[in-house]
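The following pair of complexes shares a single chain, chain A, combined with chain B in the former and chain C in the latter.
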Partner chain A sequence: MLSYALKRILLVIPTLIFVSALTFVAAELAPGDPIQIKLGERATPAAVAQLKHEYGLDRPLLVRFGDFLWGAARLDFGRSYFDTRTVRQILLQNYWPTAMLAILAMLVASVVGIFLGTIAAVAAGKWPDRLAVVLSVAGLGIPNFVLAPILVLIFALRLQWYEVAGWADNFSDLGPYLVLPVIVLSVRPLAAIMRLTRSSMIGVLSQDFIRTARAKGVSWTGVVVRHALRNAATPVIIGIGSSFGYLLTGSFITETVFAIPGLGKRAIEAIYQRDYPVIQATTILFAAAFILVNLAVDLVQARIDPRVRLNRDGATG
Partner chain B sequence: MTRNIRLFMMLIAALVLLLTACTKKQGIGPQANILRYPLVSSPTKIDPAMVQDGDTIDMLLQVFEGLVKWSVDNKPVPNLAESWEVLNGGTLYRFKIRQGVKFHNGDDLTAEDFVYSIDRACSKALGSETTQNYLYDIVGARERREGNATSVSGVRATGKYTLEIQIDQPKAYFLAKLTYPNSYVVSHRAIKAAGGGEMTKVEAVVGTGPFKLTTYNPDTKVILSAFEDYHGGKPKLQGIERPIVKDPQTRYDLYKQGRVDLIQMDKAEVKAAEQDPELKGQIRYFERPGIYYVAMNQGVVPQFQDKRVRQAFAMAIDKDAIIAAALEGKVKRADCIVPPGIPGYDPTLKGYEFKPDEAKRLLAAAGYPDGRGFPKLTLWFRESRPDILHVGEVVQEELKTNLGVIVELRPTEWGAYLNEYNNKALPFLHMRWMADYLDPQNFLSTLLATYGGENKFNYSSPKFDNLCRLGDAEQDPEKRLKYYQQAQRIAIADVPWIPIYFQRDAELIRPYVQGIQDCLLGHLPHVSTYIEGQ
Partner chain C sequence: MKRTNVIAGLALCYLVVLVLVAVGAPLLTKYTYDQQDLSGRFLQSNKAHWLGTDNLGRDNASRLFFGARVSLVVGLTVVSATLIFGGIVGVIAAMRGGWVDTLLMRVTDGLFAFPDILLAILIVGVAGRSSLTVIAALTVVGWPSMARLVRGQTLSLREALFVRAAQATGASQPHIVFKHLVPHLAGICLAAAIVDMASVILAESALSFLGIGIPPPAPSWGSLVSTGREFMRTDWHLVLYPCLALALTIICLNLVGDALFERWDPRKSARA
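Moving on to the complex of A and B:
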């Protein structure tokens, strides 16, 4: 188990280098010049050349890439072209709203998703099940940028329950700002988790050992929670993991609409400005988060289901 | 077993509790003398010597001040300089600095502070990008910026409250340039205490303006609070809150909710507000000193050297068709170059009116009947701007229908566009020019003279240049205006480019926000603004 985990962690490094290389090449090929954008329409060619030199942008691609990797290894991502802060400061200040939203949305999605999925499975074919299926299809289908304005219109502007947008500096004041973005973010993973729970549970509930347990006199809730849910957990946990990766990295639109100072919004701005140091650093961070979450899912899965560990260990030697 | 169920139920209960506990309604509607209006992007800079974008300038104007400021009638008037003399035939400015002015940290303002501030803005170490545009007229500024001097030789304090600035040649628009934050006074002591260099910390941001910067969070908001000892009297507002909200729809929603008192609107929000019975009466339109134009580059497309071709293009494009869709038809059609409100605006000029038959005849006379033999053109413009795309589409359609000229549209990423633009390499282009300062020189000489920094389309008329040079140097306002008016007439007749419309901005302002003062460039510092009934 430990060696397997170590191997997986070591694999993260070449993956991240590959991702960085891709970002560098993409930035090189994309049209647009951060220095021109920074200096604006009044810039003289001499001023552009001078500033390019100051930022080291006149050096060959490979030299810049090497420089970036060496810096990244020391968690030094350089200076933003536009922000007065260093990239590291930006990351440190912007990651936690994103992380907090992702964790809360994941919590909501998992709890409600498993709950509804279980009910749907137990009532398979009856009306609660059909309703759940319809809802999950709607949840998977509706894009964030459609759902967000609808929720804002109803809950912020009409009912005046929550804030339209924004963020509070104090943790205790955050509540009214969090509810709508958390709902928006959790809808997709919630629908996915509900579907996974439902199908996985239906499969388990039809198996012999469930009937045996019932015959032994275990109560119906006991059967569902202790026997069925535990056996149906594996695909659900995988689903939760991949949803979490999506949440950690996919909150671009939600953060922009709700004016949340998170990394997703910052990354989008950086892309518009061609702020390469910020683009590269956020890409690496997103990639690392995604990889680590998936690794965690695999490890948890191995812990719950011994068959997984044996297979993986066998496969990786 | 039941433990699991209980845990599950508790989680569900916690969620429900969270949803209900999170409702909180403070800060809806007018707040006790706090003006709340969103910044449309994070402040790019908090240093007046470095700032370039209008939104951040609007914020810093509350904090920092210069020798002169804009008045409500768009003229440079005394601010920290209470008076001045123009000597040596227009090359020496002697300013009398206002006495008794205090910085936010309590220090007294003297002429030496301006010597320090202007020298700092010009220094190579600071590396400001706006110095060349605004301060290079000062003797020695260029040498200082390029690192060949240790101070700006043309700026000196000749008394505790006397400042002298020497410029390289008579330039009647020089005072107007000093309204730009680049030359504003900053506190040497505060900057030194914060570690020197560019201001990036709140502690360094110490000016003489009506408001102090108290909170600066580049991700969420900026808060300014009234400066009690302001030399113009304590401001009526207690403070200004600027939440950073980039999404225009979100700004609009925040305004509707009553969380902010004033917003700038984009086209889509103007449309929505016009249809909202409550908000319709709160829309305010502001003339801005900006012009949208389509330029024909005579250096890249030889056909454009023929005046008949340029005239044909101007007559083939129906500007009114463009305007109908721009900002709900609220913008003002441009038939001259200097916008309304700036001396030199000439409502008697009509330019070339929409006459497709005449246009066709002219193009045929130039050797391209029905567009035959005319090269295919590429119209370059900035991408992701629906208004500009619309201009491009109308131009494309009308030139094809009326002249048989084929135009390909090239929406281009802004940085890439500027690259080509600065190299004078764009054959046919759409551009917007927004004034740096309110003076006809900033439009005519800057945009169209052979020596103008923004003439990126190779127009050159010795007669026009000569008149602009005369106007640039003339100290007598009336004579000056005459030179520029003549120059403008030449440029309109020559059609190096086609003016389309003048900029107009739309804002929503709550009726309880009173006392806002404006000039063409935007709201003036909120010295007299107050929240009614609070």
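Moving on to the complex of A and C:
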């Protein structure tokens, strides 16, 4: 277990470097000069050169990449082209709503998804199962930016239960602002997790040891909760990990729709302005979060399922 | 007939109608998608405008029909590029093995480190907004999973008896790839392509919704939702039509793709 864990953790470093390199190169290859855009059409060449020097853009490519990597490792992405704050300040001030929405949506999606998926599997072929299948098809098919206006129309404009959009600085006032974004963000992962739980559970429930446990007199609920769920967990945990990526990119849409001052909304604004340092920083931060969550998923999986670490160890080492 | 097949059949019918609407869009309406009429804004459905008009007096039906073109053209282009590029990489990785395989698979690993469409957002973000950028960005995001799928399938096919037999009779590598592998890969690749097409159409409309996708005045369904949302309080039907069109299209593509997967995937399971 330890050697598997160590190998898996070390693999994170080259992946992060690859992600940073690609992010750096993307901005390098981009057409148009952000400094020119910032200063406007009529800026003198001297002024452009001066500002480029201030941002360090006149140094050789490799030097700048080395600098970029070293900066990224310390969460230092220099100054925003259009904001008076440094990129690090922007990140620190805007990450919290994004993280909170992602965590809440993940919790809702996992708990509700596993619960509904289990019920569907136990009732396989009957109406709760049919309903669950229909719901998962719909949940995976309805885009979040389609769902958001519909929910706002019903629950915010007509019923006025929740706020249309916005955010509160005070944690205690956040409730009405949180409900709709969390629902919008969690529907797709919820559908995916429900679907995975269902198919995984159906496979496990048909196995011999389930029948044995029942024959020994374990109650049906006990069998499902203690025997089946544990054995059906692996694909579900992988599903939770890959859904997390969607929660990050989903924040671009949810935060824009609900006017939430998070990183997703800030990044979209940066794209409109071509504020490369902010775009790069958000990309790397999101990718890093995704990589770390998947590292955690792999380790948890190896912990509960010895086949994973043994197989992978054999294959890679 | 199985119930799932009936449902997939219905979904396929919707998709056929969608293609016909996209192709025949100019015949179906007498307006173009960008023809403005400021004296007839926010009209309800009537004889002249089946689905009413939008905030600039443009015909909603035309915009919806021409929007189908945008979705399908972007979807087909990206998926074709993904199939070709991912297919070539996958087959080369599996047939060559060794360091070529390792290198190609490490690259796909690296690209998988970017969640969902984050890489596409980065590319569009730095390269600026154009149809070509969107297509290129979504291809970059899409090819690694296709390459993985093709590689995996090729690896198991490579050991199949008929491939061994062909090798034993001295068939050349290209002959084996095109005469023996490609026909066996076609089914599952088609299934994957259709499911991919759903996510490409979804991604394109999401980018357009955010204002970083297909540039106006091209009527991407994503842009239509975005415009409709602004006038939701007074004219909710503006947002309703593109929402319905998008959701139906994506659901139907998923249903058809899943049915094909069940038919072609040896493990008989749809992808998660």
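Keep in mind that, in the parts below, the second predicted complex is superposed on the first by the 303 of 317 C-alpha atoms of A that agree within 3 Å, B and C clash if a C-alpha of one lies under 4 Å from a C-alpha of the other, contacts with A are read in each partner's own complex, and residues count from 1 in each chain.
FYI, a residue touches a chain if its C-beta (ideal position, glycine included) is under 8 Å from a C-beta of that chain, and two chains touch if they have at least 3 such contacts.
Note that the structure is predicted; figures quoted are calculated from it, not measured.
Peer 1: Quick one: is A:Phe209 in contact with chain B, with chain C, with both, or with neither? Answer first, second, both or neither.
Peer 2: neither
Peer 1: Touching A:Thr256 in the superposition: chain B (first), chain C (second), both, neither?
Peer 2: both
Peer 1: Between chain B (first) and chain C (second), which does A:Val225 come into contact with in this model arrangement: first, second, both, or neither?
Peer 2: In the superposition, A:Val225 contacts chain B only.
Peer 1: Looking at the overlay, does A:Leu157 come into contact with chain B only (first), chain C only (second), both, or neither?
Peer 2: both
Peer 1: According to the stated criteria, A:Arg274 is in contact with first (chain B), second (chain C), both, or neither; which is it?
Peer 2: A:Arg274: touches chain B and chain C.
Peer 1: Can A:Gly40 be said to touch chain B (first), chain C (second), both, or neither?
Peer 2: A:Gly40 sits against chain B, while chain C stays out of touch.
Peer 1: Under the stated touch criterion, which partner chain does A:Ala27 make contact with: chain B (first), chain C (second), both, or neither?
Peer 2: Touch status of A:Ala27: second partner only.
Peer 1: Quick one: is A:Leu178 in contact with chain B, with chain C, with both, or with neither? Answer first, second, both or neither.
Peer 2: Touch status of A:Leu178: first partner only.
Peer 1: Does chain B (first) or chain C (second) touch A:Trp167, or do both, or does neither?
Peer 2: Only chain B is touched by A:Trp167; chain C is not.
Peer 1: Please write out, lowest number first, the residues of chain A touched by both chain B and chain C across the two complexes.
Peer 2: 30-32, 149, 152, 157, 256-257, 274
Peer 1: Report the residues of chain A in contact with chain C in the complex, numbered from low to high.
Peer 2: 15-16, 18-19, 22-23, 26-27, 29-32, 137-138, 140-146, 149-150, 152-153, 157, 192, 195-196, 199, 235, 238-239, 242, 244-246, 248-250, 252-253, 256-257, 267-268, 270-272, 274, 276, 279-280, 283, 286-287, 290-291
Peer 1: Over in the complex, which chain C residues touch chain A? Could you list them?
Peer 2: 109-110, 113-119, 121-128, 198, 202, 205-206, 209-212, 222, 225-226, 228-229, 232-233, 236, 239, 243, 246-247, 250-251, 254-255, 269, 272
Peer 1: Show which residues of chain B lie in contact with chain A when the two form their complex.
Peer 2: Contacts found on chain B: 1, 4-5, 8, 11-12, 15, 18-19, 21-25, 28, 42, 44-46, 52, 127, 129-130, 132-133, 198, 200, 217-220, 243-247, 249-250, 253-254, 256-257, 259, 412-416, 418-419, 421-423, 431, 453-454.
Peer 1: Could you please specify the touching residues of chain A with respect to chain B in the complex?
Peer 2: 30-45, 47-48, 51, 54, 82-85, 93-94, 107-108, 111-112, 115, 149, 152, 156-157, 160-167, 169, 173, 175-176, 178-179, 221-222, 225-226, 256-259, 261, 265-266, 269, 274
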